[in-house]
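In what follows, subunit A forms one complex with subunit B and a second complex with subunit C.
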Partner chain A sequence: MFTMLNPRKFYRAVGRKKFLDFFVLTVFLLFFYGPLTNLLMLAFAEIYQYPNLIPQKFGFKWWEFVLSQKTMMSAVGQSFMFAIVTTVFSLLICLPAAYGLARYKFPGRRLVMFSFMLSNAFPKIGLYTSIGIMYYKLNLMGTFLGVVLIHMINTMMFMVWIPCGAFSSVHRQQEEAARDVGAGPFLTFCKVTLPMAVPGIAVACIYTFLGSMDEAQGTLLVGVPQYQTMPVMMYTVISDYNVMAAAVYALAMVIPTIVLLVLLRRYVGPEAIASGFQMK
Partner chain B sequence: MAEITTNIKPKLRIIDMTKRYKNGDGVEHINLDVYPGELVTMLGPSGCGKTTILRTIGGFLDIDDGDITIDGQSIALLSPEKRPTAMVFQSYNLWPHMSIYENLAFGMKLRKVPKEQMNQQILEMLKMVGMIGSEKKFPSQLSGGQQQRIAIARSLLLKPEVLLLDEPFSALDAKIRVQMREELIRIQQELGITVVFVTHDQEEAMAISHRIVVMNKGVFEQVGTPIEIYDHPVTRFVADFIGEMNFMETPDGIRAVRPESLSLSRGSQGDLHGHIRTIMVLGHYAEVNVQCGDAVIKCNVQRDQMAGWAVGDEVSLSYTKEQFFATETVE
Partner chain C sequence: MSDILQNHAKRKKRNQLLSAYALVLPAFIVVLLIVAYPIVNSVIRSFTVRGQEGFTLANYVYFFTEPRELANILYTLFVVVVTSVLSTVFAYALALYLRFVKSRVSLLIGRLYLIPRFIPGMVAIYAVIVTIRDTGVISRLALLLFGVEFQPALMFNTAGLLTMNLWFNIPFSAMLISAALAGIPDSMIESARDVGAGRLCVFRTMIVPMSIKDVMVAATFVFMGNVGGFTTPYLIMGSVQPKMLGISLFDQFAKYADMERAAAVSVIMFLICSVSAVVYIYSNLKERAWEKQ
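Right, the complex of A and B next:
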């Protein structure tokens, strides 16, 4: 059995093609899961000193430390709060825009579509600085709305592009058939267009939600000290050089992501995402 | 409907209607009366404006001029949901996220049909279109032909004054298409519903219509029963578009003769003379191409009359029926 661990024997046994596949897969797994494994080890380590590859002692010490901090719970609460409000606001603002962009072919349409990417193309910190100046003038500094708006800047692209793709894939005839049998424009949208676009919209919501959960730079700039979300707290923890506490934070932040993805795995396929990124 | 008399009021009237798209395409000064229980087909090549007219009736296009009435009431300003019309498109009629039952019930619920009555009517309609048992399925689980049946059923359930069908069978296989058209005739006769049908398939139009409107480039070339249009085409376009036709140039105009109106004989007493180029036996008849001077004339001859003829034979042709288009009416 252990003779198989000899690479040369292994190569002979499985053949060149398979060996290459195996090699690539191994590299991929190490690259992808290596850091994650390290993170896991860090989070559950109690004693972990440099020359050792594996922690000397595992335990929940750092979890206790993190969970016992008063700010932690409030950060979790705030993160969810901002993520939910950002998602709802983006839905309300971006869905009509996405529908318009999907249905009406006006001149300059592509330019409008593209403009949603601009906020993601510029160096963020420059953008935030200028927004900060505006915020001071508008008294938005340190306000809830201010933080939500910063979060929305980052996620608008998803909320416009992906639902736009989803709306485009609803055929005109299907809407017209609904009008034909007696539904007005609004009812047609609610009963036919929207339900058919739901998979795409769900994907966009996930992106928006996770994007908001993950946002740190902007919140740090316009929200602190009134608002401290989880990623903002992580900045503080990391700057205290407490690696293990940081790992616990990181894991705690991954949990909602995983829960969301599992709940909505039916919708989150490569096709659903890709359909949103076609410039139709 | 040759026996229509003046005291029957038209169900649908299109009165001097004009619809222009921004790019200048469209239809102009369209006039058409469709009588109750009549199946009128708009027939013409691609891009001639059939869909445009149908969509103005259904309310999906605003008209620029003229009027459209149903039972004497103008519907020109009503939105589609307010019109007593029902439309079936070429494809994508059904809503994929709803079951067949929900698809059929959607419009009826909006009309507040009581549940008992609705269930019963849906069952009856499914029986009529031969789709009993599909209530719980979803559109993606049906074939193209089955989906079109459901789409027609959905329209009929709303008891429209006029049923509008825009090439409903053109995405289907030839065999299913023929079957569907037979069923449409049966349903139309059973319900006595008024239908405007659009197709670019002249055979389909001939098979199902009481009257045919032959269109070309946004105008009506001829309106008449299938027989009138076949036997007495008023323009060269109609003669060419409907069925097969031989055109023979003469100094004062063009003579048009259908292949089946020609008969072959030996000797020199016929109207035309030439020699046989090809003989193709196509079932119960044979298609014979005869070279007469520069022109090739196509004749359809019964199989039993083909005995003794061979390629290269000298032949004289005579015909019983012809159409004559004087030079000024030639486009």
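Right, the complex of A and C next:
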């Protein structure tokens, strides 16, 4: 059995192809999933002293601790609130634009299209500080609207580009057929175009939601101390709390991501997930 | 009669234009207000000094002559170049493996490698910190398996920062490169193999030329994305000198409340990004020139 631990013998025993598979899988899992798995384990630990690799005692003590902390729990609520409001706001503003860009050719169309990429061209932290200065003048510092706008900077591109692609793949003839039998433009949009574009819009919504849940720097600069979302709390949690409590908190942050990813896989498939990133 | 028809068509076209603008305008205005306006403002502010009238280059002179600030700029360039080269190399290898090795393991990795992109950044950073710090998993493992007291010394160290950057960027680049490799038809490679081309020959003369453009695009994206990095260096490097420009900017803003210098740092970062954009455009142009022949 232990002769297998010698890499050369293992290589001879299984052959080149299997060895390559084994090697890639090991390195991949250790590098990308090792740290995450470790953190998952620590979230259920009670005592984890150096030099033990496996915690001495497992339990839910630190879950109780986190759940009893008022500031931590309010951050959870705020994160969800901002994510929902940001998603709804972006939907209301960006869907019409996406439809307009998909259906009409007009002078300046390319300019508008690329303006949504502008926030990626300039360093984010520089953009946030500049917005911070603007907020001071407009008294938007530490306000709800201010934080929502900061979150929208990162999500508008998704909310315009992905639904735009979805709308353009709906054939114009299908809309015209509905118009011919007497449906008005709004009814046509609601009954024909929108339902066919729903998968794309759903992907965009989930990106927006997750992007908002993940946003840390901008909220740190313009929202604190009035508003502290989960990622912003993480800055404090990492430096001030012990590793078990921090792991619990980190896991709580990942749960919404996992739930949404499962939904996303079910409803739109992995190709759509990847397509959203190719526009980045 | 034809006049009426023409008028009607004109009016219809005008109405269409109007409704297009009406649909697009709200989103466009929001982008102008919260992205374009602050950027323009920032650029203008970077050429001013508080309490003085008129435009001045003083902020830029400061950042390019003060040894400490110059070291920050060079350090940022170093970290970003190494990050984009390493993550592109590893991502290329991963993408090649996913594309050309057909096995259950490669299918499994193909399913798993995108998930890290969705893990909240702060969580990923913390998970890696807990692994690499001196009392972390690597050190504990070394003691358990080999009985050696080993301290990786990766925290507050450039190697740790690079490790974290690779964690974030390899999956992203691999995804972009995979999309390019998926476009290379199997039949083409098989026919080359049939006429006796070796693996290395196929790789060098077919796969590389057909994917190099997307590899460059991936490298450029990684480069641009990391110039303005803040959270990763903030949590892994702390205030070790020299600093990444993102930290330097945050210090100017939060510690010294010097908005003009903070603006200048962001313009310098933007200029560094533009250099990579030029490389990107140049590599595209070269492709065009080659196509003309």
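Heads up, the rule we're going with is that the second predicted complex is superposed on the first by the 245 of 280 C-alpha atoms of A that agree within 3 Å, B and C clash if a C-alpha of one lies under 4 Å from a C-alpha of the other, contacts with A are read in each partner's own complex, and residues count from 1 in each chain.
Quick note on the criterion: a contact is a pair of C-beta atoms (placed from the backbone, for glycine too) under 8 Å apart; a residue touches a chain by one contact, two chains touch by 3 or more.
Since we're looking at a predicted model, the values are computed, not measured.
Contacts of A:Lys191 after superposition on the shared chain: subunit B is touched, whereas subunit C is not. In the superposed model, A:Ala245 lies in contact with neither subunit B nor subunit C. Of the two partner chains, neither subunit B nor subunit C is touched by A:Ala43.
Contacts of A:Met72 after superposition: neither subunit B nor subunit C is touched.
More residues of subunit A are in touch with C than with the other of subunit B and subunit C. Contact with subunit B, but none with subunit C, is seen for A:Gln173 once the two complexes are overlaid on the shared chain.
Residue contacts after overlaying the shared chain place A:Val148 against neither subunit B nor subunit C.
Partner subunit A is touched in their complex by these residues of subunit C: 16-17, 19-24, 26-28, 30-32, 34-39, 41-42, 45, 94, 97, 101, 103, 105-106, 108-109, 111-124, 126-131, 135, 137, 139-141, 143-144, 167, 171-172, 175-176, 179, 221, 224, 227-228, 230-231, 235, 245-246, 249-250, 253, 259, 262-263, 265-267, 269-270, 273, 277. Within the complex formed with subunit A, the residues of subunit B that make contact are 58-60, 79-81, 85-87, 89-97, 106-107, 110-111, 151, 154-155, 158. The touching residues of subunit A, when paired with subunit C in their complex, are 17, 20-22, 24-25, 28, 31-36, 38-39, 42, 50-53, 93-94, 96-97, 99-101, 103-104, 106, 112, 115-116, 118-127, 129-134, 149-150, 152-153, 156, 160, 210, 213-214, 216-217, 221, 231, 234-235, 238, 243, 246-247, 250, 253-254, 257, 261, 270, 273-274, 277-278, 280.
By the touch rule above, subunit A contacts subunit B in their complex via residues 171-174, 176-184, 187, 191-192, 195-196.
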